Structure formats: structure tokens, C-alpha cells
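Each of the two complexes below includes subunit A, the first together with subunit B, the second together with subunit C.
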Partner chain A sequence: MSLLHWAILSPFIAALFIPMLYKRFRKIHTGWFVLVLSILLFIYFFMFLSQTRDGRNVSESLAWMPSLDINFEVYIDGLGLLFSLLITGIGALVVLYSIFYLNKDKEKLNNFYVYLLLFMGSMLGIVLSDNLIVLYMFWEFTSFSSFLLIGYWYQRERSRYGAQKSMLITVFGGLSMLGGFVLLSYIGDTFSIRELVSQNGELITHPLFTPALLLVLLGAFTKSAQFPFHIWLPDAMEAPTPVSAYLHSATMVKAGIYLVARLSPVFAESALWLWLIASVGIVTLFWGSFSAVKQTDLKGILAFSTISQLGMIMSLLGLGAAAIHYESMDEDIYVAATVAAVFHLINHATFKGSLFMAAGIIDHETGTRDIHKLGGLMNLMPITFTITIIGAFSMAGLPPFNGFLSKEMFLASMVSVTEMDLFNMENWGVLFPVLAWVGSIFTFVYSMIIVFKTFTGKYQPEKLKKKPHEAPIGMLIPPVILASLVIIFGLFPNLLSSTIIEPAVAAIQPGAVHVDIAHWHGFRVELGMTIGVIILGVLFYLTLAKWQNIYQLFPAKLSFNRLYDALLTGMERISLAVTRLFMSGFIRTYLVYIFLFFIISLGYTLFRKNALTIDMKNTAPIGIYELVLAGIITIAAIAILFAKSRLTSIILLGAVGYTVSIFFVLFRAPDLALTQLVIETISVALFLLCFYHLPKISRKEERLAFKLNNALISIGVGVIVALIALSSHSSKYFDAISKYYVENAYKEAGGENIVNVILVDFRGLDTMFEITVLGIAAIGIFAIIKLRLTRGKEEG
Partner chain B sequence: MEILMAVVIGILFMSATYLMLSKSILRIIIGTGLLSHGAHLLILTMGGLKRGSVPLLSEQANSYVDPLPQALILTAIVISFGVTSFFLVLAYRTYQEFGTDNMDRLRGKEANE
Partner chain C sequence: MKTNDIILQTVAKLASLVILLFSIYIFFGGHYSPGGGFVGGLLASGAIVLLLLAYDLKTVAAILPIDYKLLIAAGLLIAVLTGAGALLFDAPFMTHTFSYFDVPLLGHTALHTAVLFDLGVYLVVVGVTMTIIQTIGESE
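So, the complex of A and B:
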């Protein structure tokens, strides 16, 4: 077990000790311990930077289930390292923020940090695992810990609803993904991602390739809140704000992005992969930014903006996959799409994290996140205002922040789609830049809403629960760090390019890439588009009140949330109805099912296999006695059905029993006849004993139609049994084994009564347990009669 | 003979099924009794009928009827007797406790209603 393994597992181990630390050191905020660990992890992963920059990837293996080819195989390359740094870095900032956000006396901090550490560890596991099954395991851990974190305030109904929704959707995707992984490993005969990548050319020819692709994508899309699975993310905003900042903007929702990027070399050969990801991403981008404008809750806006930005990264990754088809091009615009995706991934983590933290501060200091109640906070909270401005302007894509650069690269890539001559893109490709551009305008509008509706305008102290003031310094440090990163990456983007982006892109698209991000690259189309975005965005923002009514055009009934809710309640209702339909509670109904199944399955088999043969050859002759007895038994058995009193029924049953014993005599079974006679006598005696205690048979209640059904079913059963008896008797394939018993009964066992010898010697075990059965029945009867627990209780 | 017996067994099964589908517990118990008779006869018939002597070696016959089905039936008779008597006492106690032998009125109620 290498240090790397320990690093991944350290959050899990630390989570074990959190409750102890929480109980022991009540005076110290538990978050400080977690902070130490996350900073250490960040430094540890930071030290890998020099190695991955030179292309020296690190891999460590730990045998877990070697016989199944499932091993804890850790692999650090540019992509994994980028994500690890995001997870630990933003994790550390979020922990610091949460120390000031969560009150140590009012909140159950032990729970919070245990969940958070579980999440951090599983996220690290996802991005550093090379084995698909291990990746899946950590993937479900993140779903699970995210569920716990969203439901952190479990007393609230909305939290529980959001947690359940996110759980259902992400686990649905996770399970599909597992299916995809299994198919993939079946095709490639390995669970290792690197080995799959090395045989990418061969995989595509396999018929299971497309199902595997679709299933894996389903997992990625649900996790990364892509259209139409985005609905869980806004409801996940019920979580504490540090959680929203960490999980639902910077890390967990990027697990799907990571998966797409990681498996891109495996799937990119396929056109389906390219188009699905690119188009789902662009639709998500548009829909997210469009929906964000109508939100009134700050975190609601941020949630939809996260959806939109994830869509943007996703569509860039999709386009980037086109690079594999254009290997010979000098100026590879599709590799640039991947570069843009990776760059925006970093940028988004920085500015969205800071925005969430700023929203949390506003919530914390004013008691509300509703933009209708907020306003005029600029002078009261200048630092928060500055952070928000930097974050929101970067999100809107304004210079000189980092969002501007990645937005430009994004628009450039989208424009390049129209030049693509693959897969009949001439006609539909133009939709990409259009949707991207319109989406960007909406992005601009909601970014402005976040800043100006909150901080400018009229100050409404009467609507606020608290008297607002600037947040404590500890709460401001993490967003300030993130906001400064926004500016630093904006001004000096090449700090990132050779250190992180290049190795990461190399992992997504094998081959040497040189990344040089420049601010100014001439008057290109995308610059014009950005200027258009700004002009139209300002116009739209100023006239917001006039056109916001268009959101009323879409009835709330048609939203995906309604669909989800209807689906959920519908499924519950249908399953309840189905259960009610056949689980009637009447034992007779169940007997009808059993008998019908018996008739249908056996009858069908008899008919289908042509098994029905009647062979008269091997039959014994019919004597007069047997004929008479058969008549008696038939009459008795049918007469029971019509018996009006219980005495008649009992006597008729006795008649059947005695006839059977006479049959035994005729068929040369003296022991059977004896036993049957005795037992029938005892049975009838027993029946008569219970006679006075049992009620009269009443048949009045049964309706005629009902009787007819029963009659049909019972005739069916009788006929089937008779037919099976006939055909099995007519087709004998080998002789009985009884010759052995006849020959050896005396020789081996020293008895002349063969039946008795079989019972106590050859097959004595049967007899022993038959005696046990009788014993149990006797004890049971005794207990039933003697034990009267309920009555005793009532009396006591 | 076997064909006649198959028909008889079919009739026994039919009556038994009909009785088991009725509402009264007593009729259901009588139905199970008939069913076991049918099953025992079925085992015997499938072993072949009247082909040889009683399975006692003292008979010194050339051939004996198959002794194995007889042993099996003997076991089955005893077991079904045990079960029937248990069932009978159970029905008796049920009637004592609940005052009805109608299976419809003995229906279990759904817990959360």
C-alpha cells in the first residue's frame, strides 16, 4: 500500500475519528481538524505537479480482488491531478468557510464533517482510480455522501425531498453506468481504463459498444445535471451553503465531466459520442441559463447557472472528441475545444465557489436569499460585493476575468462546428453557435441580476430578519482567495497552461499539445459575439421587467419537476393498485392463482411437447371388484360436494378413506391397507370429536357464478392430473429399481416383509423424520390447545 | 386398470380442489383429506398394479408388486395424518377464538389502513 493509497483513504480514516474529536474537544470547532487534513492533501497533490508536467504519470497498485481483476489501481496523470487539486484545494477553502458558517453549538458538526470527509475521499477515489469497478464504488460513495449532506437539516421537509430526489436520479445514473462498465469490460476484457484506451480502435466494432456508450453517458449526464436530469440540482440547494459550494458547483457535479473526459479516448471514435455530448451539453447550457433568469432565490440562480456552465463544458468536451477525426490538421480547432473545456472547468470552480460563498454570506448576514427582499447592500457589505462582482463578471464572460478567456474560447469552438464536415453537420451545426450565443446572453443577464439586485437599488431593512453587516473575516478569506484566483488566472492564464492544462488535455487527447492562452487574438468572430452578448445583455437586463412575462408562457405544469413528481407518485400509485388488484387477502384468491398456474403451465407443456400418449399395453386387467370400488369412491367424492350437513361430509370422507384401503387390499399392499384403515378410523374419530365444536357448513353465501368458476378450475385440475397420470404411465423409460429390494431384503436385512424392510432398513431415515413429523404435530396440537397467551394478557 | 385409476384419481383431485376453494374451513380440511387420498392412489398406480404377488418373501412367488411405492405411501399416509389432525385442531381453535369458520371473514387486514 503506497502513500498515494493512504492519501485517498485518509479522509475515510479521518472520518472515523471525527466523532471522537467532536466529543473530546467541544471547545474547538471540529472543522479545524478537517482543515489540517485537506491542506496537507492539497500540498501532497501539489507536489505531483512537476511530474505530470513532464509526462511522468504515477501509478500504484494494491491488490483487492485479484481473482476478479478488481484492484485498487491508482493512476495520476494531468487530468486526475487537476481534479485532485480542485477537490482538495476547494475542499480546504470550503472547510475553512464552514468553520465560520456553521455554529459549533447549534449544529451537529460531527455529522457534517464525517459526511464531508466521506465525500472528499470518494471524490479523490473517482478521479484517481484506474479500475472501473473501483471507480464505480467511489462514484456511489459520492452519491451517498451527497445524499447525507443535502439532507443535513433532516428536520426540514424540503431537505429530505431534495436529498431523495438527488439520490434517486444519481443512483439511477450510477447503476446504468455500472452496466456500461460491465459491458465495456466484457468487450475489452479488462477493467483497467488505460488498457481499454490502448485498444480503442478495436472496441468500436463490437456490437455491445453502443449500449455501453449510452449507459456510461447516462451515468455521466445524471451526475453532472445535464438536461433533462438537471432537476435534482436546484433542489439540492437545501443543503448548507458550504456543501452547495463544494459539491454542487465545484466537485461532484464535475464527476460526470471527469468521466466523459476520462473515457473520451475510448469512445471518441464513435460519432454518437460526439453528437450526444455536444448537443446535450449545448441544450443544457441554453436551458440552464434561460431558467436561471426567472429564479428569485440566489442559490436557485446559482444552481441553474451551474447547470448551464456544466452544459458548456460538456459540449466543449463533445466537440473536442472530433479532434480524433482530424489528426492531420495543422491548426487543430477541436483540440482547442478540449483546452477550453479544461480551462473553463478550472475557472468555473473558482468563480462559482466564490459566488456560492458570497451567497452564503448574504444569507448568513441578512437571513434571506430572496432577491426581492435584498438590495442596497453595497455599502454595508463592501467586501462581499467585490467578491460577487468579480465572480459574476467572470461568469458573464467579461474581461479581464478568467471567464472572459474561456468564454471566448468556447464561442470560437462553437463557431468552428459550422466548418465541420463530419456526419452531415452542415445543416444542423449552425444551431450550436446560435444556442451558445443566446445562452451567453442569458448568462450575462442573470449574472447582472445576482450583482445588482442584491447590492444596488433600494435598501429594505424592514424585510430582513437581521441587521446586515459585513461577515467575519474567516468567512471572507475563502471567497477572497477564490476571487483573487479569478483575477490571477484572468490576467496570467499561462500560469496554468503548461502546468495543468497541457497534461490534462494530453490525458483526454493523447498526443503533444501546446497551449497558449492569449488575451488578444485579433478581431475574430468570437470577439464580435462577446460584444454582442454584452450589448444585448445590458439591453435585456434593463428591460427585464417588460419581457420577464414570457416565463409565464410556459405553464408550471409542463416542467420537468412536475414530470418527475408525477412519475414518482404515478409509480407508487400503480404499484399499489397492482398489488391491491391481486393481493386480495382472501386465501381463496391465492389458491385460484396457484391452481390456474398449475393448469396452464402443465396443460401448455403437455400440449406443446406432444407428451400426451395413452398406451393400453401395459395395463392390468380390470376386475369386477375394482370397478365397483371405483364407482363407490367416485360417488362418495362427488357426493361430498353436495353434502348439506357436516356429518354427511365426514362420513363420506370416511367412505372414501375405507374404499382406498380396500383398493390397497386389491392392489396387494397389506401394510398400506392396515395403516389406512387405522388412520382413517382415527381421522374420522377426530372429525367427530371436533364435530360439536365446529360450526355448521353454510353454503348459502356462495353465489352461483362463483361456484361455476370454482367448478371449472377444479375440473381443470382433475383433468390435468388424470392426463399426466395417463401419459406418464404410458411412457416408461426404464425398469424400477425395486428388483434390488426384492432380492436383498432377506439376504442383507434379514426380513421377509419387503415394505417393512425398506421402511426401517433401506430407507430408515425417511421413517425417522416421519416420526419426527408426528411428534411435532402432537406437540403442536397440545400447544394450540393449552397456550392461551392473548386471553391471559387481556385478563392480566 | 391403470386408466380407470387415473380417472378415479382425477375425480378425487377435482373434488378436493373444489372443496379447497370454498369458504368454510371444514370443507377445506375435507378437501385436503381427499387430496391426500388421491395422491396416495396416484403413487400406487404409477408403480404399476397387480403385477405379481404381495411383497412378502414368504409367498415365494416368481414376481412381487413393486414394494417401493408402498413404502413411500406408508410414509405419506402418516405425514398427512399428522398434518390433517394439526389442521383440524387449528380450525377448531380458530373457530373458538374468532367465532367464524368463514375464510372470507378471517381475511387479514392491511396494516396501514
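So, the complex of A and C:
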């Protein structure tokens, strides 16, 4: 077990000790302990930077289930390291923020930090695992810990609803992804991602390749809140704000992006991959930014904005997959798409994290997140205002910030789609820049809403629960750090290019990185598009009140949330209805099912296998006694059906039983005849006893009502049994083994009564358990009757 | 009106003895002629039921102070032990053996371990039948 394994597992180990630390050191905010760990982890991963920059990847293996080819294989390359740094770095900032956000006397901090550490560890596990099954394991860990974190304030109904929704959707995707992984490992005969990548050319020809692709993508899309699975993210905003900042902007929602990027070398050759990811991404971008504008809750805006930005990264990754088809091109514009994706991934983590923290500060200091109640906070909260303006302008793609650079690169890549000449892109490709551009305008509008509706305008103190003031310094440090990163990356983007972006892109597109990432100047189409975005965005923002009514045009009934709710309640209702339909609670109904199944399955087999043969060759001659007895038994059996009184039925049943014992006599079975005679007597006596004790009310003597269904079913059962008996008699293939008993009963067992010798000697074990059955029956009757009596006494 | 069951009771005394003897006969003859532990046991309990009909539960319990549930246990124990006895002689479970002995009074006779097993069956059957009938008879 290497140090790397310890690093990944350290959050889990630390989570074990959190409750203890929480109980022991009540004076110290538990978050400080977690902060130390996350900073240490960040430093540890930072030290790998020099190695991945030179293309030296680190891998460590730990045997877990070697016989199943499942091993805890850790692999650090540019992509994994980028994500590890995001997870630990933003994790540390979020922990610091949460120390000031959550009150140590009012909140259950032990729960919070245990969940958070579980999440951090599993996220590290996802991005550093090389084994698909291990990756899946950590993937579900993030789903569960995210579920716990969203439902942290479990007293609130909305929290529980949001937690359940995110759980159902992400676990649905996770399970599909597991299916995809299993198919993938079946095709490639390995669970290792690196080995799959090394055989990427061969995989695509396999017929299971497309199902595997679709299932894996389903996992990635649900986790990363892509259209139409984005609906869980806005409801996950019920979580405490540090959680939203960490999970739902910087890390967990990027797990799907990570998966797409990581498996790109495996799937990129497929047209479906490119098309699906690029188009779902661009639709998500548009829909997210469009829906964000109508939100009134700050975190609601941010949630839809996250959805939209994730869609942007996703569509860039999809386009990046085209690079594999253009290896010979000089200026590889599709590699640039991947570069843009990675760059924007970093940028989004910085500015969205800071925006969430700022929203949390506003919520914390004013008691509301509703933009209708907020306004005029600029002078009261100047630092928060600065942070928000940096974050929002970066998100909108304005020049001095890093969002501008990645937005430019994004638009450039989208424009380049029109030049693509494969997979029918020349027909539909033009939609990409159009949707991207329109989406960017909406992005600009909602970014402005966040800043100006909150901080400018009329100050409405009467609507606020608290008297607003600036946040404590500890709460401001993390967003300030993130906001300064926004500016630093905006001014000096090349700090990142060779250190982080290049190795990360190399991991997504092996052997195709010769792009000058520093290139970001020049008058090109995308600059014009950005200027258009700004001009139209300002116009749209200023006229917001006039056109906002178009959101009313979409009936609320058609939203995906309604669909989800309807699905959930519908499934419950239908399953309840179905269960009610056949689980009637009446034994007679269940008997009908059992007998119908009996008739259908046996009848089908009988005819399907051509087993129905009736051969009269081996039958014995029928004598007069048999005919008479058969006549008696038939009359008695039929008479039972038409008997009016129960007493008649019981006596007729006795007649049947005694006839059977005469049959035994006739067929020379004296032992059976004796036993049958005595047993029949006893059971008739017991029936009479039951009859005597019937309650008066149900003693009404009436004939059995005729029901056609029951008649048909009973006739069917009888016919089937008769047919099977005749067929099996007609197709006897072997002699009976009874000859052995006849010959050896005296020689081996010293008895002349073969029946008894078989019962006690040859097959004595059966007899032993039969008498055990009798004993159990007797004790059961004893227990039923006696226990009922004692209970009756207690009640009386 | 007070009923007098003197005829029934007198006949029952005699008849039950005859039935018991018949049951023992059927039990011992089981290996050579129709019968055996099962029918024998049923007949023996038939004899006791006849006594029950002629007298009442308490009287019969006084005549035969037997806990029939113990009889079930004893029968099962005998059956299992007979089967397990074979293990002592390094033979598979439930291996029976027999041999001929000169028994006083009976003369040259075959003695068979299967009869011991059948005895277990006999006791269980008597115990089961009587437990059921007694329990139901006692209940209200």
C-alpha cells in the first residue's frame, strides 16, 4: 500500500475519528481538523505537478480482488491531477468557509464533516482510479454522501425531497454506468482503463460497443446534470451553501465530465459519442442559461448557471472527440476544443465557487436569497459585492477575467464545427454556434441579474429578517482567494497552460498536444460574437421586465420537474393498482392463479414436446369389480359437488375413502387397505368434529354455487392430470426396480412382507421422517389448541 | 335423565383388550404378513379411544396414566437410536441386521433390529393419535 493509497483513503480514515474529535473538543470547531487534512492533501497532490508536466505518470497498485481482476489501481496523469487539485484545493477553501458558516453550537457538525470527508475521499477515488469497478464504487460513494449532505437539514421537507430526487436520478445513472462498464470490460477483457485505451481501435467493431457507450453516457449525463437529467441540481440547493459550492459547482457535478474526458480515448472514434455529447451539451447550455433567467432565488440562478456551464464543457469535450479524425491537420482546431474544455473547467470551479460562497454570505447576513427582497447591498457589503462582480463578470465572459478567455475559446470551437465534414455535421453543425451564442446572451443576462438585482437598486430593510452587515473575515477569505484566482488566471493564463492544461489534454487526447495554449489574441469571429453578446445582453437585461413574460408561455405542466413527479407518483399509483389487481387477499383467487399456471405450463409442455401418447398396449384387463368400484367412487365424488348439506359431503367423502381401501384390497395391497381403512375412519371423525363446532351463522345449508370459471379450471386440471398419467404410462422406458425388492426381501432383510420391509429397512429413512411429521402435527395441534385457551383466559 | 352405560362399558373392557392383543399381533407379524408398526399403532389407539367413548377422559387418564407427548418423543428416540446403532458397527446409518436365536418359550426365532425401529413407529403413532384426540376432546 503506497502513500498514494493512504492519501486517497485518508479522508475515510479521518471520518472515523471526526465524531470522537467532535465530542472531545467541543470548544474547537470541528472543521479546523478537516481543514488541516485537506490542506495537507492539496500540498501532497501539488507535488506531483512536476512529474505530470514532464509526462511522467504515476501508478500504484494494491491487490483487492485479484481473482476477479479488481484491484485498487491508482493512476495519476494530467487529468487526474487536475481534478485532485480541484477537489482538495476547493475542498480546503470550502471547509474554511463552512467553519464560519455553520454554527458550532447549533449544528450537528460531526455529521456534516463526516459526510464531507466521505465525499472528498470518494471523489479522489473516482478521479485517480484506473480500475472501472473501483471507479464505480467511489462513484456510488459520492452519490450517497451527496444524498446525506443535501439532506443535512433533514427536518425540512424540501431537503428530503431534493435529497431523494438527486439520489434516484444519480443512482439510476450510476447503475446504467455499471452496466456500461461491465459491457466494456467484456469487450476489452479488462477492467483497467489504460488497457482499454490501448486497444481502442478494436473495441469499436464489437456489437456491444454502442450499448456500452450509451450506458456509460447515461451515467455521466445524470451525474453532471445534463439535459434532461438536470432537474435534480436545482432541488439540491436545499443543502447548506458550502455543500452547494463544493459538490454542486466544483466537484461532484464534474464527475460526469471527468468520466467523459477519461473515456474519450476509448469511445472517441464513434460518431454517436461525438454527436450525443456535443448536442446534449449544447442543449443543456442553452436550456440552463435560458431557465436561469427566470429564477428568483440566488442559488436557483447559480444552479441553472452550473447546469449551463457544465453543458458548455460537455459540448466542448464532444467536439474535441473530432480531433481523432483529423490527425493530419496542421492547426488542429478540435484539440483546441478540448483545451477550452479543460480551461473552462478550472475557470468554472473558481468563479462558481466564489459566487456560491458570496450567495451564502448574502443568505447568512440578510436571511433571504430571494432577489425580489434583496437590493442596495453595495454599501453594506462591499467585499461581497466585489467578489460577486468578479465572479459574475467572469461567468458572463467579460474581458479582464478568465471567463472571457475560455468563452472566446468556446465560441471559436463552436464556429469551427461548421468546418467539420464528417457525420453529417455540415447539415446540422450550424446549430452549434447559434445555440452557443444565444446561450451566452442569456448567460450574460443572468450574470447581470445576480450582481445588480442584489447589490444595486432600492434597499428594502423591512423585507429582510436580519440587519445586513459584512460577513466575518473567515467567511470572506475563501471567496477572496477564488476571486483573485479568477483575476490571476484571467491576466496570466499561461501559468496554467504548460503545468496543468497540457498534461490534462494529453490524457484526453493521447499524442495530439502541440497547441499553443498561450494564443489568445487577435481579431476573429469569436471576438465579434462576444461583442454581440455584450451589446444584446445589456439590451436584454435593461428590457427584462418587458420580455420576461415569455416564460409564462411555457406551461408549468410541461416542465421536466412535473414529469419527474408524475413519473414517481404514477409509478407508485400503477404498482399499487397492479398489486391490488391480483393480490386480492382471497385464497380462492390465488388458487385460481396456481391452477391456471399448472394447466398452462403443463399443457404447453405436453403439446410442445409432443409427449402426448396414449398407448393401450400395456394395460391390464378390466374386470367387473373394478368397474363397479369405479362407478361407486365416481358417483360419490360427483355427488359431493351437488350435496346440499355439509354432513352429506362428509359422509360421501368417507364413502370415497372406503372405496379406495376396497380398491387396495382388489389390487392386492393389504397393508394399504388396513391403513386406509383406519385413517379414513379417523379423518371422517375429525370432519364431523369440525362440522359440529361450526359457528351457527355459517351453518346455513346451501348448495355450492355454480361458477363457470371454477368449473372450467377444475375440468382443465383433471384433464391435464389424466393426460399426463396416460402419457407417462404409455411411455415407460425402463422396468421397475421392484424386482430387486421381491427377490431380496427375505434374503437380505429377513422379512416376507415386502411393503413393511421396504418401509422399515430398504427405505427406512423416509419412514423415520414421516413419523417425525406426525409428531410435529400432533404437537402443532396441541400447541394451537392449548395456547389459544391460555390466551383466551388472559384476555377474559 | 341419568344414562346407564353398563353394557357399553362391559363390552368396551373386553373389546379393547381384544383390540390391543390384535394390535400387538399385527405389530409383531408385520415383517411376514400384512401389518406393522403403523397399523398396529393405529389399532392400539383405537382400543384406547373405545375406552374413552365408554368412560370419560379422566377415568381413562387414571387407567392409563401416560403423557402421550412423551410417547411421541420416546418413539422418535427409539427410531433414531436404532438407525444410529448401525454406526457403532461401522455400517451406514439405518443398516438393519437380523439373526436367529433360541429364545426361551419361543424357541428358534429370528430377531431383527427393524422390529425395534417399527416399535418406534408404533409408539409415535399411538402418541400422535392419542395426543390429537385428547387435546381436541379436552378443548371446549
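FYI, the second predicted complex is superposed on the first by the 769 of 796 C-alpha atoms of A that agree within 3 Å, B and C clash if a C-alpha of one lies under 4 Å from a C-alpha of the other, contacts with A are read in each partner's own complex, and residues count from 1 in each chain.
Note that in this section a contact is a pair of C-beta atoms (placed from the backbone, for glycine too) under 8 Å apart; a residue touches a chain by one contact, two chains touch by 3 or more.
What you see is a predicted model; the values in this text were computed from it and never measured.
Within the superposed three-chain model, A:Ile758 lies in touch with subunit B and out of touch with subunit C [touch as defined at top].
More residues of subunit A lie in touch with B than with the remaining chain of the pair subunit B and subunit C.
By the touch criterion stated above, A:Gly750 is placed in contact with subunit C alone, subunit B being left untouched. By the touch criterion defined above, A:Ala63 reaches neither subunit B nor subunit C.
Shared-chain residue A:Leu495: touches no atom of subunit B or subunit C. By the touch criterion defined above, A:Val592 reaches subunit B but does not reach subunit C. Of the two partner chains placed by the overlay, neither subunit B nor subunit C lies in contact with A:Val628. When the two complexes are overlaid on their common chain A, residue A:Thr767 makes contact with subunit B and with subunit C alike. Contact with subunit B, but none with subunit C, is seen for A:Phe667 once the two complexes are overlaid on the shared chain. Applying the stated contact rule after C-alpha superposition, one finds that A:Thr675 touches each of subunit B and subunit C.
Residues 670-671, 675, 679, 682, 686, 752-753, 755, 759, 767, 774, 777-778, 781, 785 of subunit A lie at the contact with subunit B in one complex and at the contact with subunit C in the other. Of all residues in subunit A, those touching subunit C in their complex are 670-671, 674-675, 678-679, 682, 686, 689, 749-753, 755-757, 759-761, 764-765, 767-768, 771-772, 774-775, 777-779, 781-782, 785-786, 789. Those residues of subunit C lying in contact with subunit A across their complex are 26, 30-39, 42-43, 46, 68-69, 72-73, 75-76, 79-80, 83, 93-94, 96, 98, 110, 112, 114, 117-118, 120-121, 124-125, 127-129, 131-132, 135-136, 138-140.
If you check the complex, the residues on subunit B that touch subunit A are 1-27, 30, 33-34, 37-38, 40-42, 44-58, 64-68, 70-71, 73-75, 77-79, 81-86, 88-93, 95-97, 100-104, 107-110.
The touching residues of subunit A, counted against subunit B in their complex, run 585-588, 591-592, 595, 614, 616, 618-623, 626-627, 630, 633-634, 637-638, 640-641, 646, 649-650, 653, 656-657, 660, 663-664, 666-672, 675-676, 679, 682-683, 686-687, 690, 693-695, 697-699, 701-702, 710-711, 713-715, 717-719, 721-723, 725-726, 728-729, 736-738, 741-742, 745-746, 752-755, 758-759, 763, 766-767, 770, 773-774, 776-778, 780-781, 784-785, 790.
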